[in-house]
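Next come two complexes built around subunit A: one with subunit B, the other with subunit C.
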Partner chain A sequence: MVNLLLSVADDKLFLGHCNSDWTGLAPILEADIAFSSLAQDDIAHASALYELIGTITGATPDQIAFGRTSSEYLCSDIVTTRDEFNWASAIARQFFCNHFDYVRLKRLGDATWVPLASLSKRLLAEQAIHIDHVNSWVRHLGKGNDDSATRMQEALDASAPLASMMFEEPDGLDVLRTEGVLTHQDDIFQVWLQPIQSAVQEAGLTVKVQQITDGTMGGRTGHHNEDFTLALSELQEVFSQDPAATW
Partner chain B sequence: MVIKNEIIDVLKTIPDPEMPISIFDLGLIERVELHDAEVQVSLLPTFIGCLALPSIAKEIKEKVGVMQGVQSVEVVFINDPPWNTDRITDDGRASLAAHGIAVPDGTSCGCISTQDEYEFRTSAIPCPWCQSSETTMTSPFGPTRCKSIHFCNACRQPFERMKKV
Partner chain C sequence: MDQETWQTPVEATYLSQARKNVVERTGDLTFPEVDGFPIWEVFTQKKKSDMHIHAGSLSAPDASFAQQFAREHYGQDQECASLWVCLRSAFVTDRGKADSYEVFVQWKSGDRYVHVGSVQASSGTDAKAKGIEAFAGKRSTCSIWTCPFSELTRIDGETEMIWRTTDQQYRLARGYSKVVRKKWEALRSKKMVDTYQEEDLKETY
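So, the complex of A and B:
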């Protein structure tokens, strides 16, 4: 259970952390406020999930968020991929991740552990707002002009291989299924792909994401790339100097 | 000995730090429990990432804490039931409307919208200033987590709206 919650929370923590880089730099004021708000939401969602993990492990959200070694973080590396301040890349990353978070939260809302189910239902309503927003950006860029459509298409193509890695499973998920804590039997990849396809179609773009079947190891089992290492050292900068620091 | 209603009366005087409404009228208060002189107040956050929560908790502790017969105050945030705009009282709605903040009815289905549904859901929201439906959404993310920003094409005024969750 802890691994499952960490995979969801770590995705949100790092996505929020990376999105906050756009504060003050997004292409228009509304987008700037939106990305900062999305970051704020995602980090708060992560914190609520860490708090839930703390009811099992006894650790505080700060200790969980900042006090682990690289291989103990279970986020997928798409969340820390550097967007090099390319707006289309940031939107593509946001698009794939937000849809995945939505599908996961929806499923966790049916979990038999009540505190998790009620928190997930609460987060889902906020997540739906994120999805509507990112879908509108994908449409906006896809239907903008040739330049914006090309850039959005390139960003979707570049992020697609990383998006497939989101579906790598953290250890122990099969146990939760056997024990009946997770009740869904259908393929989460297909459930995720369907609304992705419709949104991309509405934008006049295409998306090709391969489902991983060869047991490739990535972030969910603690195998991270260089972008993650960089994001982690940034995130832990204060904590590593003073673990008890507060605002 | 302090009674529950007296505590609620005090809670009614605590304003939301970000909006012209009391935390009571906003529907944040789910439970007030009293064990001898120990008070526990359970609140529902509007949005999980609302930055006003710590200051609300602090003010409750201060104001209820000084009441005669109260020894300790604990404030807890809970997610079940989830907060929604239906919890806002009539007084609260009137006060928000007077400040140009629209309040939708009902709860969100938590569904993803198609382009058509999105456009339908974000346009023609009655303007709290002039009641016209000639409005468009400027941004789903406004000055606080719980509000979106809109513009009325009839009276040419911007307005805010509580988000449906």
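So, the complex of A and C:
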């Protein structure tokens, strides 16, 4: 259970963290404010999930968020991909991740463990805004002009392999399924792929995401790439110097 | 401002690697496409029992973006029950069509436009006249806006989230009042001690 919760929360923490790098740099003012707002939402979601984890492990949200070693973080590496301040890359990343978070939260809302189910339902409402927002952007960039369409397509293609890795399962997920805590049996990949494809088609673009083969090891089991290590060291900068700091 | 260079930030000892990648930008800060976006006016309703008040305006390429931006930019200042977004051009009074018009009044110069109600009218100009009659009466107004009901995009906070469900205290002044108070009291006490010590020294020397 803790692994599952960590995988959701860590995804959100790092997505929010990396997206807040855009503050002040987004292409238009209103998009900047909106994007920062959504990043704040993601971090708030992560925080709420860490609190829930805290009820199981006894740790504080700060300790959980900042105090682990690299292999203890279970986010998929797509969330820490460097976008090199390319807006299309940022949108592509948002697109894949937000839809995944939506589908995941929706299914967790049906879990038999009540605290998780009720939290998921609450977060799902906010997640719905996130996907509306990112769908608008994908549509807009895809239909904008040749330049924006090319860039958006390239960004989607570049992020597709990492998107596959989101579906790697953290250890213990199987057990939750057989024990009946998680109630969905259908393939999450297909459920996720459908709205992705319709949004992309509407934008006049294409997307191709492969399913990963069993045994592929990535972020969800603690195996991370360099981008993640960089993002983690930035996140832990203050905490690692003084875990008790307040301001 | 014709030429504007954005330089990479000064590197401090602890500044992380990620910030080194910010692109150096040269040239105009404005872009013709963005300048061409239409302007939308946004009205917020604090509680269901309040009237909508003008919150400000924003530029956006289309209605769906205007909605999104209005929610994030104006809906997050305080708890918001409902948002209305409308193209500025819809407020021009000589457009004509029989419709229900929403009337917004600016009572005194510098006040924010407040929604007072609606009237049935055949055009913007007609709506304005009817609006004055129905809502102002003898009271003087500084300015009146009317907008056809059909042109308003209404976002209802109950069905489409505006104010979030997660803890939003950090956005509000009251979210900081206890924390700030504690610090201020600690500081104040320290200051009192300092002053006392200062005076003490004066007396001795």
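Observations
We take it that the second predicted complex is superposed on the first by the 246 of 247 C-alpha atoms of A that agree within 3 Å, B and C clash if a C-alpha of one lies under 4 Å from a C-alpha of the other, contacts with A are read in each partner's own complex, and residues count from 1 in each chain.
Please note the rule applied: a residue touches a chain if its C-beta (ideal position, glycine included) is under 8 Å from a C-beta of that chain, and two chains touch if they have at least 3 such contacts.
Being a predicted model, the structure only gives us computed values, none of them experimental.
Three-chain overlay on subunit A, with subunit B and subunit C in a clash.
Residue contacts after overlaying the shared chain place A:102 against subunit B, while subunit C stays out of touching range.
Touch criterion met: A:122 reaches subunit B and subunit C at once.
In the overlay built on the shared chain, the residue A:195 is in contact with subunit B alone; subunit C does not reach it. Of the two partner chains placed by superposition, only subunit C is touched by A:21; subunit B is not. By the touch criterion defined above, A:85 reaches subunit C but does not reach subunit B. Touch criterion not met for A:111: it reaches neither subunit B nor subunit C. Residue contacts after overlaying the shared chain place A:6 against neither subunit B nor subunit C.
When the two structures are aligned on the shared chain, A:65 is found in touch with neither subunit B nor subunit C. Of the two partner chains placed around the shared chain by superposition, subunit B is the only one that A:131 touches, whereas subunit C remains out of contact. Annotation: subunit B segment clashing with subunit C after superposition, chosen from 4-12, 22-30 or 94-102, is 94-102. Annotation: subunit A residues 30, 33-34, 37-38, 41, 44-45, 48, 122-123, 125-126, 128-129, 132-133, 136 touch subunit B in one complex and subunit C in the other.
Within the complex formed with subunit C, the residues of subunit A that make contact are 21, 25, 27-28, 30-31, 33-34, 37-38, 41, 44-45, 47-48, 82, 84-85, 122-123, 125-126, 128-129, 132-133, 136, 140, 230-231, 233-234, 237. For subunit C in complex with subunit A, the touching residues are 14, 16-19, 21-23, 34, 58-62, 64-65, 68-69, 71-73, 76, 160-161, 164-167.
Those residues of subunit B lying in contact with subunit A across their complex are 47-51, 79-80, 82, 107-108, 110-115, 118, 138-142, 145, 149, 163, 165.
On the subunit A side of its complex with subunit B, the touching residues are 30, 33-34, 37-38, 40-41, 43-45, 48, 102, 106, 114, 118-119, 121-129, 131-133, 135-136, 139, 195, 198, 202.
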